[in-house]
Amino acid sequence: MINAADTAWMLTSTVLVLFMTLPGLALFYAGLVRAKNILSVLMHCVAITCAVSVLWVVCVYSLAFGEGSPFIGGLQHAFLAGLTRDAVHPGTAIPDTVFIMYQMTFAIITPALIVGAYVERIKFAAVLLFSSLWVVVVYAPAAHWVWGGGWLAGLGVMDFAGGIVVHTTAGISALVAAIVLGPRDGFPQHNHPPHAPWMVMVGACLLWCGWFGFNAGSAVASNGTAGMAMLVTHMSAAVASLTWMAIEWVRFGKPSMVGIVTGTIAGLATITPASGFVGPAGALIIGVVAGGVCYVAVDIVKRSFRVDDSLDVFAVHGVGGMAGTLMTAFLVPLAMGGTGLPEGVTVAHQFGIQAIGVLVTAVWSGGMTYALLKITQALVGLRTSRESESQGLDLTGHGENGYNMGFGGSSQ
Amino acid sequence: MKFVTAIIQPYRLDAVREALTAIGVAGLTVTEVRGYGRQRGHTEVYRGAEYTISYIPKLKLEIAVDDSQLDELLEALTKSARTGKIGDGKIFVLDLEAAVRIRTGESGSSAL
Amino acid sequence: MINAADTAWMLTSTVLVLFMTLPGLALFYAGLVRAKNILSVLMHCVAITCAVSVLWVVCVYSLAFGEGSPFIGGLQHAFLAGLTRDAVHPGTAIPDTVFIMYQMTFAIITPALIVGAYVERIKFAAVLLFSSLWVVVVYAPAAHWVWGGGWLAGLGVMDFAGGIVVHTTAGISALVAAIVLGPRDGFPQHNHPPHAPWMVMVGACLLWCGWFGFNAGSAVASNGTAGMAMLVTHMSAAVASLTWMAIEWVRFGKPSMVGIVTGTIAGLATITPASGFVGPAGALIIGVVAGGVCYVAVDIVKRSFRVDDSLDVFAVHGVGGMAGTLMTAFLVPLAMGGTGLPEGVTVAHQFGIQAIGVLVTAVWSGGMTYALLKITQALVGLRTSRESESQGLDLTGHGENGYNMGFGGSSQ
Amino acid sequence: MINAADTAWMLTSTVLVLFMTLPGLALFYAGLVRAKNILSVLMHCVAITCAVSVLWVVCVYSLAFGEGSPFIGGLQHAFLAGLTRDAVHPGTAIPDTVFIMYQMTFAIITPALIVGAYVERIKFAAVLLFSSLWVVVVYAPAAHWVWGGGWLAGLGVMDFAGGIVVHTTAGISALVAAIVLGPRDGFPQHNHPPHAPWMVMVGACLLWCGWFGFNAGSAVASNGTAGMAMLVTHMSAAVASLTWMAIEWVRFGKPSMVGIVTGTIAGLATITPASGFVGPAGALIIGVVAGGVCYVAVDIVKRSFRVDDSLDVFAVHGVGGMAGTLMTAFLVPLAMGGTGLPEGVTVAHQFGIQAIGVLVTAVWSGGMTYALLKITQALVGLRTSRESESQGLDLTGHGENGYNMGFGGSSQ
Amino acid sequence: MKFVTAIIQPYRLDAVREALTAIGVAGLTVTEVRGYGRQRGHTEVYRGAEYTISYIPKLKLEIAVDDSQLDELLEALTKSARTGKIGDGKIFVLDLEAAVRIRTGESGSSAL
Amino acid sequence: MKFVTAIIQPYRLDAVREALTAIGVAGLTVTEVRGYGRQRGHTEVYRGAEYTISYIPKLKLEIAVDDSQLDELLEALTKSARTGKIGDGKIFVLDLEAAVRIRTGESGSSAL
């Protein structure tokens, strides 16, 4: 039977998670690029949202959550066949429609996260095509494995809100995409500072608020689990922010605003897989690790790998999501204030399962992303021309300017 | 007449304008510019990457004056804009052949 | 009895719908005007919100939802007389206070939509006076006819969340207002591009998220109808966005960001009347039609009518809302995945009712708007001086500038 | 037992109140300062949020809501010791976790409000240290006195959502901070207009929407009290906005956008203590008083006191919160549409209690703020150097610029 | 050749450009500037405090022309930019020693 | 001394500055301007309506040099700013009567 209270919270959570992408993530990313590419980034986020929404209804929901093999769901729910208004989603007390919408918002944000890897140099057609393929080939199976009753679920993997399904897939795919596309012109000698750090902050705050829908909503109920998930999510974000701030303060003598909010996102991504299982102590630990590890990862990717993962998707989301998934094994035990491991499962055993989950998903995501990018390249091309890159994607790709303030807007 | 261009530190604007008003210069035109010179730009750090900002915000003042006022103007400008630190800026003096006040069509010094 | 779960969702929905106007619609519109008029647009939205809120309590709520004649409600609830804290709103399971607040947010956004027709050239006093009169003379009766037990409800008109009450009234009134005021100086030869397309996108996203409160909230309960309304609303938005994008891509070789989000709003407005009645298939159809029809309408109004409905209120909201209301007749049948028509009612019959609803409301809105504008003109004047228009309304009307970045803000 | 519906609303309210600070208040304040200080203000809000969150868990929650003396709570909940996932918070029907999170968001926004007093000239280290001390020394006891079963609660003080606990403490502390720090260079001869009035409006709107979580959420239930709190909160905001607008219109011939939204915030702050007790009539009265009194207070602080409380925290929040707390005594009676005074309590008596609450809290806040600022000064210093103030805190304090649009962002 | 600098009211730009096109001036460079002069700035009020904006937005046009075109240009500029109100702006004429078109390397009048 | 004004394509800035540094020009002042000329502006489309942007973003460099450096400077500028496409910009050379370094009061070539 439908529980109206759970439904109320899940309707709200759905709005919150959509809000994370539009406009949260879009602003977070848009502020980090140059002024001449702001609209292209916003457009990527909107277009991905729309395309994924349609594909979700067409087949991705069914592939992810339909009954099928351990590897992929069936097509019985393609086009939402048979969906009725008052059907309850199995295993929950909310309408099927709400479950479908809620999960759709996860499928939307995941490819949108990857945008940060290829900004400022990709063709818009490539964004659309790649993201569409990706959500079918990478997201649907990963979601099925972990949340749709697939083989990882069978193994006992613990991923409350998407450390594997969302952040590992997006993070690894971002790294691969950044490598395949190659760096922006001038990287790494001539970097360009974020054109609107204030906008980065706004985006980060919207992500922060929306993330409560993501993590606390993953309880799929309005209860103590949702409450605790919200509390630990918030604590991890706060602690990771302070950690990042402290590192910068020590290292550069000044803590930066872009830095502190990058720490926020690291903290949020890292707690995600653990958010329904751990207690406040776990959250503090995750927060510190998130801030520290992601900070280091940003440096390594840029300086050692010399990969232009432009907005640090891998370092923040990928590394954070994977670290959080692995740490879950240690922080779930009752002794740590967590919900406890299943009877008879040791920390080491759980860690092994978590590691398998992360590893297999990472390999699948990386390999498939590589293949899909090659296909995309063959079909519509990947990179814009150098001239277009130098003029900016807003004008050359969309025929627009993000800011038309010239002459007080009184003439052009 | 002379056409004087001064590049100054933005935060000296108020002081400069007061000094100019004091000597009777009643008009000027200000532009936001960025200067490159001896003054080393500052460094900004975003996500661990350092960015050196080598073009430093300055203000450019353009002031047309009568020849007779030039010396006084240069002195007022130099004094009021100076902080003694690198990057204080420059003054350039060009010859101004003609000046017209659009509203009245007046020309020459009386147009200033 | 009060159902706390329904109440939770309706409290949330109320916040979402207010959020649509402030700051959603305000930003959507403000980004589309020139920099020198940004504050005037924001101010219009805030002032309309405040004035309508007061009028709502004074008499509009009562006129709309009080018992009265088929044409207008009584004044028994004027000044919310007799309202008690724990009263349940008849026919619902939520407190009367929540119903009143929720419906107030609809009364707020409707005249705020009209702002887009007269920006950049109207006197602020005219905005205040006209909007105040309008909400009494146009909105209150229309809401009463359709939702307050009036004659259109009696006829059996179907308007779930405001295709008639909100979008037809606002759209037609916008067209009339644009005609009466006359075009902005320079129209149509010298148009000015939106001063901040990025802001348009942010506004559109807030509208998108808030619209779930609008449509799913119109279920006035936390149930399967709300869930399905959210799903179809989202699908229509996504499909209409992609449709608009595709048209631009074909026609100009480049899809624009302002374009795709205009499609979003078209999709949202068009599904509104149908959102509680149709299924996913209906949503896809509505989405495609919304994107296509509103796109064409924008062109027609500007090029053929040569009317300066500056931000395309009629073409997007009016045409969308009317089209959606009419299409509802076809998409409600069970065969289309809808909730079904009442027993014995044929599609043709329902279509007739819908058409009457649209038509009568359109005529009433148009006629009354014309009259109210003439009254406004007589009392406080309508247009600002040409000089004020050229200097910008922010400075001349409000003594402010939207952006004071001059000299790094270090001096003025 | 946990009531899932109440929980749903309180989860939502928690998100709304966090949203008030991040990004609501942050944007409201950031738009009011000069472009060169925008990031510092955003950073203050983020850092305060993070630091207070950690301290909340460490001890502030326990000091505020733990059982203890009438003056301060015990430390039994330090580090949230003993918190279980499904524990119900005593006296409510929501999980303890949710109560803790909800109240945390209040503890966050209160010191963040004070930011407005010391912007553009304070050291970042001082912000962090002072805010951390403040939340322990001022906020925790005040919250305990009023909401944690302390002596003011015992007296029968009525403060529904924080007229005393939030607005009186923050407002008075802001005044003291402004005096101790001294004015910004150039005050009051050379003031600088808000660098982005549009951003002020966005912040105000987010505050408005979020305030429903603040006030209606303070019912800690999804019921008629929450509904009425939402309604009166909204009405007060609307009326105060119109009042402020009217005053400016009469006085300057033009109503300003920054003015109308300042009125909004005044209306919201002023109704806060009364929001759960009064009816619509009370809201209208509070709204008018809020708009008028806070308007006058802004002038007095700046012109008569010559105190550079830069963003008018005392005049708007302090004066509003105190006025609202005092007015509560008059507007609660049944005759005014309120919930009524406790049996046997007269208006005069209640007014006395309210006055004691305000007075004692004001004295405590002022005195302690003074002491904490002196300590902060001794430990890390308070003001930045004059040069740093003139260059802007963004660059000198955080090594960043809020806007990097130079040369189309194509080079630096 | 002459290097003509005109400070005009921003909203006169369209009119000025039409007038220049009419006399065959095909190129110019526009800068957003702020001017200080006889024209009194406006007052902005924020929260009851008045701010006098003394630097008024203007546009600066820079136009290089052949000597032969100068008189015509000055007339066209003066006429098209004039509104008759204080603040209409100024025209400054400087001598231009050399001009080069970067694309072709052409110099002198043909570079304009 | 000469006062050289160059209007260039914004994305050539890095190349130009490198070329100038190579010949020992250590200072310059950059302004964001918009140019109108032979180069046809681009078209932007918003909601089906086309907007022709006829004022194209350019950068203006102002460089004061000693007479002896002029030729070298012009060559460096022309080479480094050139792409060969319409809109590459112009160089204008004016006579510079005097230059002052505000910080030290030095004047003449040594002030540059």
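Chains: A, B, C, D, E and F, in written order; residue numbering restarts at 1 for each.
Throughout what follows, a contact is a pair of C-beta atoms (placed from the backbone, for glycine too) under 8 Å apart; a residue touches a chain by one contact, two chains touch by 3 or more.
Everything numeric here is computed off the predicted structure, so don't read it as measured data.
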Query raised in the report: So which chains count as neighbours of both subunit A and subunit E?
Result: B, C, D, F
Report task. Any chance you could check whether A-F or D-E wins on number of contacting C-beta pairs? Result -> D-E
**Report entry** Computed distance of Cα centres, subunit F from subunit C, in Å
**Finding:** 50
Report summary line: Chain centres from averaged Cα atoms put subunit B and subunit E apart, in whole Å, by 18
Query - Interchain centroid distance [CA atoms averaged], subunit D/subunit F, Å - result: 51
Report summary line: Where subunit F touches two or more other chains simultaneously, the residues are 11, 14, 30-32, 34, 44-46, 51, 53, 55, 94-95
Report summary line: Where subunit D touches two or more other chains at once, the residues are 3-5, 8-9, 12, 190, 192-194, 197, 252, 254, 256, 258, 390, 399-401, 403, 406-408, 410-412
Query - Of all residues in subunit B, those that touch subunit D in their complex - result: 11, 14, 34, 42-46, 51-55
**Report entry** subunit B - residues contacting subunit A, complex
**Finding:** 44-49, 51, 53
Query raised in the report: Which part of subunit F faces subunit E closely enough to touch in the complex?
Result: 2, 5-8, 31-38, 55, 58, 60, 74, 77-78, 81-95
Report summary line: Per the touch rule above, subunit D residues touching subunit C in the complex are 3-6, 8-9, 12, 16, 34-36, 190, 192-198, 201-202, 205-206, 208-209, 212-213, 216, 221-228, 230-231, 234-235, 237-239, 241-242, 245, 252, 254-258, 260-261, 264, 279-281, 284, 339, 390, 392, 403
Query raised in the report: Within the complex, which stretch of subunit F touches subunit B?
Result: 3, 17, 26-31, 62, 64, 94-103, 105, 111-112
